[in-house]
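Sharing a structure here in structure tokens format.
Chain IDs A, B, C, D, E and F follow the sequence of writing; residue 1 opens each chain.
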Amino acid sequence: MIRMNEMTWMEFKAKIDEGAITILPIGACEQHGPHLPLCVDTVLANGFAERLAQRVGGMVAPAINYGYKSKPLSGGGPLFPGTVDLNGDTLVRLTYDVLEELIKDGVKKIMVLSCHFENEAFVCEAVDLIAQKYGEQAKILIANWWDPMPAEIIDKVFDEVPFPGWAFEHAAVTETSLMMAFAPELVHEERMVDTQGATPCPYHIYPVPKDAVPPTGVLAPARSSSAARGQLIIDSVLDELVKICDKEF
Amino acid sequence: MIRMNEMTWMEFKAKIDEGAITILPIGACEQHGPHLPLCVDTVLANGFAERLAQRVGGMVAPAINYGYKSKPLSGGGPLFPGTVDLNGDTLVRLTYDVLEELIKDGVKKIMVLSCHFENEAFVCEAVDLIAQKYGEQAKILIANWWDPMPAEIIDKVFDEVPFPGWAFEHAAVTETSLMMAFAPELVHEERMVDTQGATPCPYHIYPVPKDAVPPTGVLAPARSSSAARGQLIIDSVLDELVKICDKEF
Amino acid sequence: MIRMNEMTWMEFKAKIDEGAITILPIGACEQHGPHLPLCVDTVLANGFAERLAQRVGGMVAPAINYGYKSKPLSGGGPLFPGTVDLNGDTLVRLTYDVLEELIKDGVKKIMVLSCHFENEAFVCEAVDLIAQKYGEQAKILIANWWDPMPAEIIDKVFDEVPFPGWAFEHAAVTETSLMMAFAPELVHEERMVDTQGATPCPYHIYPVPKDAVPPTGVLAPARSSSAARGQLIIDSVLDELVKICDKEF
Amino acid sequence: MIRMNEMTWMEFKAKIDEGAITILPIGACEQHGPHLPLCVDTVLANGFAERLAQRVGGMVAPAINYGYKSKPLSGGGPLFPGTVDLNGDTLVRLTYDVLEELIKDGVKKIMVLSCHFENEAFVCEAVDLIAQKYGEQAKILIANWWDPMPAEIIDKVFDEVPFPGWAFEHAAVTETSLMMAFAPELVHEERMVDTQGATPCPYHIYPVPKDAVPPTGVLAPARSSSAARGQLIIDSVLDELVKICDKEF
Amino acid sequence: MIRMNEMTWMEFKAKIDEGAITILPIGACEQHGPHLPLCVDTVLANGFAERLAQRVGGMVAPAINYGYKSKPLSGGGPLFPGTVDLNGDTLVRLTYDVLEELIKDGVKKIMVLSCHFENEAFVCEAVDLIAQKYGEQAKILIANWWDPMPAEIIDKVFDEVPFPGWAFEHAAVTETSLMMAFAPELVHEERMVDTQGATPCPYHIYPVPKDAVPPTGVLAPARSSSAARGQLIIDSVLDELVKICDKEF
Amino acid sequence: MIRMNEMTWMEFKAKIDEGAITILPIGACEQHGPHLPLCVDTVLANGFAERLAQRVGGMVAPAINYGYKSKPLSGGGPLFPGTVDLNGDTLVRLTYDVLEELIKDGVKKIMVLSCHFENEAFVCEAVDLIAQKYGEQAKILIANWWDPMPAEIIDKVFDEVPFPGWAFEHAAVTETSLMMAFAPELVHEERMVDTQGATPCPYHIYPVPKDAVPPTGVLAPARSSSAARGQLIIDSVLDELVKICDKEF
């Protein structure tokens, strides 16, 4: 039993008493092109969290289903319908409250697993504020699936197309492959577009120009995505996350 | 296709253009005694939302999985591990942001379906602030499953045990029956306790006394719960919710 | 001497040193139909607070004269001129600050007496936040006049007209009777209307529809109100409040 | 009829339709030495507001009974029991909400009458924020009783003792005389102390030193106070406030 | 070495270990008539801070370059381009955060030197909140250059023109003279206007009327300003500030 | 004349009327090892801003001297004395207020030039909120000096040592070289350490471990830094920033 959601309070208490790691998945509701659903980041967050919990004897808290504002060149931005974003302050307070309650319940080892790039600064802010209040009472890690991925896996995944950089890996090879492995029924392979991706821009423009992003919302082509590549990422990232847990907790 | 989560942004846009009702389920992560999991309120919110969406051609936004603070005499309160609550201000901002983004995307008909009693005042506050800003641009209803339930259904459901009032119907006959109908695999019937329920108290006490609630967290006995009673509630409440949608939208 | 307002700081200090209960009345500025003034909830809060202070040797802090937003089906709502409401966050902060200052001054026993239905959730939030900060340093009760009222008194008060439920008891028999007992000079008996009351609605609608409430602002007829009935309520509720103080402090 | 509190909503609406000036009194709950009660600033705010309303055909909104933090050298500061202060942000939000609701009800002419020195900056902030939102929809004045007082009246009031400057006029000649005129039953003349007053300090010290203020809380002697001097102030200040209303509204 | 900005972290640490006083200058970006630049308050804050640091062996933290809202009759107000103001809450949080970080670094003696009149209440609020959290861990003074100025210096500075009171001393004799002494290259003496100054008004008006202030933004004539008078102020005020530091730290 | 600080309000107004670009520099007060001062990020922000203003006929607003929280692996983090950080919400409000005031003054073209890595998400949040309120009324760019730097310049600057990645370029070759070019008097070349740099970590840990960063605060060696390399960066980045201004404004 790894989903906190499905535990009774007594089962949850027993897990805490064992010193189990609690993983908090944070996703987003954000456009992912014509071939992927709005929930990609949440599916990935839950998917990694549950497998990691199985590996380390931990448990998974209910997901935060909404994330911080999608930016044009890392997620397509606010101009796409279906991208439902939180203000920065809201995400900080939401993450803060959930972590505070877990700590008050006795949880001492927490991994926040955010799978939406733009969440990072605000999740860190929330955790910093928690750490100022609770000090050594709990140790909190903030991780994702892309930073721990070994360089050689990137090479293997991008054996057919060039790696466009993490920011543009939105609705592209890695996310599509991961969805094919985690939730193939939600991938519309036949709708994958192979148009020109987004053009990098070394500064931000506000209000966001309507042509900042390709009209499909795909920042780089998803061509060459496959469930096998997705599984390769999952296996290698999970190994890294398990190592991190072993080292830090 | 009724889950917004599973739609691409283009599918979501098509639904909005049809004028579809968007239902936002709000649950909680809260103790529900030894026989029910922490996610009861979220399961019920999603369960009613999805069936209602099917009936009215609407769609269901990703659930808000955490709710406002559980109170001792309507949910057991903060003293139980596993009850992970948001501060009032956090729930207001979270609900506000999600609704604002939906309205900016063009959604004009929204039903917020909260299945955690204590959420109500803060959800109303969020919606009031949204309505002050967006006026007639969107019509928003706030509903639950207990207020629209016809009196005769209450009589039918409580044909073996007396109705203890809604506040005490926590982890008791209605919630247990609903869970048996919606997610029987999450109900531990064999752990149902039939001890003395909670004693009403016509005022609030802070700090919450440790003995305010029976140690199991059950406020009234769940005895006589059944999937059939759950289905009876579901059917009658859905009929009412459909009538509400027909009348208001 | 029971009004903190009229004490010098030395007299106040002496009362604290005695361990006196401090009662904080919270009212509202809200329409109450054509026959009652805007200040009903404040008059009732002060009236009960002062009599209770006399009975228990306590004192009454200066009243909070504005309350949370009036809802259509419990107070007539925002559409009536003269209803001057606070945002939820404002009421939380206001109540929090007053309680914090009292506790810092050494007060250990506080009863918040709110006589405006819609205040409850936000007053509880303020007190919860205070209790998180000050723990057992002070014990705080939150009460009103309707929840402790014995069932048999309701029967006696509603011997001529049926009891419409507490939400609709706005500017109706109980409030009118209480005003006749507490402040008869502010009651315009000749303007009492006996029109159709409000119709219950098991959900909230925003923006608030203009026809949600009868045009007079009276949710249920005030017919049969009398100072004697008011006094009956006062006496019985005070007895209950005294019992609560005796039990809890 | 000048107290909004005592009006029905219909009477209030009729006053607005006449274009009546609405006066919002803001006081404080603050130590005023051994001879004056905690409510001095509120009594003065209500006293001036009601007399002004009578002179200009206006009305008086329910008072804000708590004010911003008392400072040592203008009110004695936080070290005296009975001084119950609001945080700055709380007073801003409270004043903002009340003004916003009045403006939404159609009020176009508002005078905020604050009789607690330390309130000023935060009341101005609230009104500035309102003016940014509502522009010319309402004209709002912020006044007190000391700034408009003609110089020759100060000379007449201080014919026996020297004028110590406004900051030190706390629980001293002007406030004591005003209380003797407005509410003589709340003045304990026999407890007036004639000790050394406070020593000016051209900077602020935090945390507030325990000896910053004379132990009685009196910043300047109240000797020579009288109801006649109070009446002199009332009459002259009211004349000025009426002139201000005539000029500005 | 007195500017914290120019220190390495090791040099800063050494100063703290010595028990050095840290001075935080707060200025503003605000119109100062046709002859003075927008940065007057910041130049004066830095100028006094650096000289004081030299005298007491202290150090100067990086300046806060923006201040609270300019008021018409003490700074010309919001209607002049170039007046870039912070909301009250923003200034409170900004000052709070800087002070908190200094205290966490081990600083025990802090002087906040604000040279913009309107900052005072909000700086005090920030420091009060810090003092509530950190208590005796740090002693914080809030000072400016005008309150400690000896009366005889005012007489000497105003030997040719009458002293108009501190509020109107905006872009007038004292500020112009101080700028002539601190930063003569930023003073356009030839553009000094000798028109009618502002007219006092014993109340505030919102929205701010367009004619509240002379069109030049000068509240009182700067005629008779000189570097010598500026130096006289600097010397006398510094002597007072040194005395304050000696007494309090 | 390019510094807004040194302009009179009339000169500022004339620049706005010309349609001049306003550049808002945002720095930080943060440890930069034993050889660089705390103000590096502010010196660089002002340095680039002033040169850019000269090139494009723009002007430079007063700098924001404090930034968001330094993170261990991009700035050394909170454990070093002298790192004085703002909370995220504070930086958002501060940036928001300054931008709002500039826009109200008529500024239509703004470049926010932040030279502290950790500021980015919060500056974007502030600008996003402004853009939501003011829409097309002003165009706002957010830039720094590292993202627009051409790849070939990186190769030239790192001709002796390998490029460690931007996050670790803290107090290392680029910042040290830039300081040598902009403010050589603040660089202590003789104190440069050539120890082992920081070790990358693909996740965040809270509370920040004491050994997360080398004890000097240097994340990568500054060896090979030179004023010539600094000038090379300055020239190439300015060319890019000028191109950006030409394209966007």
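Here is the rule we go by: a contact is a pair of C-beta atoms (placed from the backbone, for glycine too) under 8 Å apart; a residue touches a chain by one contact, two chains touch by 3 or more.
Here the structure is a predicted model, which means the values were calculated and not measured.
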Next on the checklist: Strictly by the touch rule at the top, which chains does chain A share as contacts with chain F?
Outcome noted: none
Next on the checklist: Among the chains here, which has the CA centroid at the largest distance from chain A's centroid?
Outcome noted: D
Checklist entry - Can you give the whole-Å distance between the Cα centres of chain A and chain E? => result 48
Checklist outcome for this item: Rounded to the nearest Å, the gap between Cα centres of chain A and chain D is 55
Next on the checklist: Between chain E and chain F, what distance separates the C-alpha centroids? Give it in angstrom.
Outcome noted: 27
Item to check | Residues of chain B engaged with two or more neighbouring chains | outcome: 87, 89
Checklist entry - Round the ring starting with chain D, chain E following: which chains, in what order? => result D, E, F, A, B, C
Checklist outcome for this item: chain B partner, complex, touching residues on chain A are 4-10, 12-13, 16, 29, 31-39, 42, 61-66, 78, 80-87, 89-90, 93-94, 96-98, 101-102, 104-106, 186, 188, 191, 217
Checklist outcome for this item: Per the touch rule, the chain D residues reaching chain E in their complex are 69, 71, 87-89, 92, 118, 120-122, 124-125, 127-131, 135-136, 139-144, 147-148, 202-208, 240, 244, 248
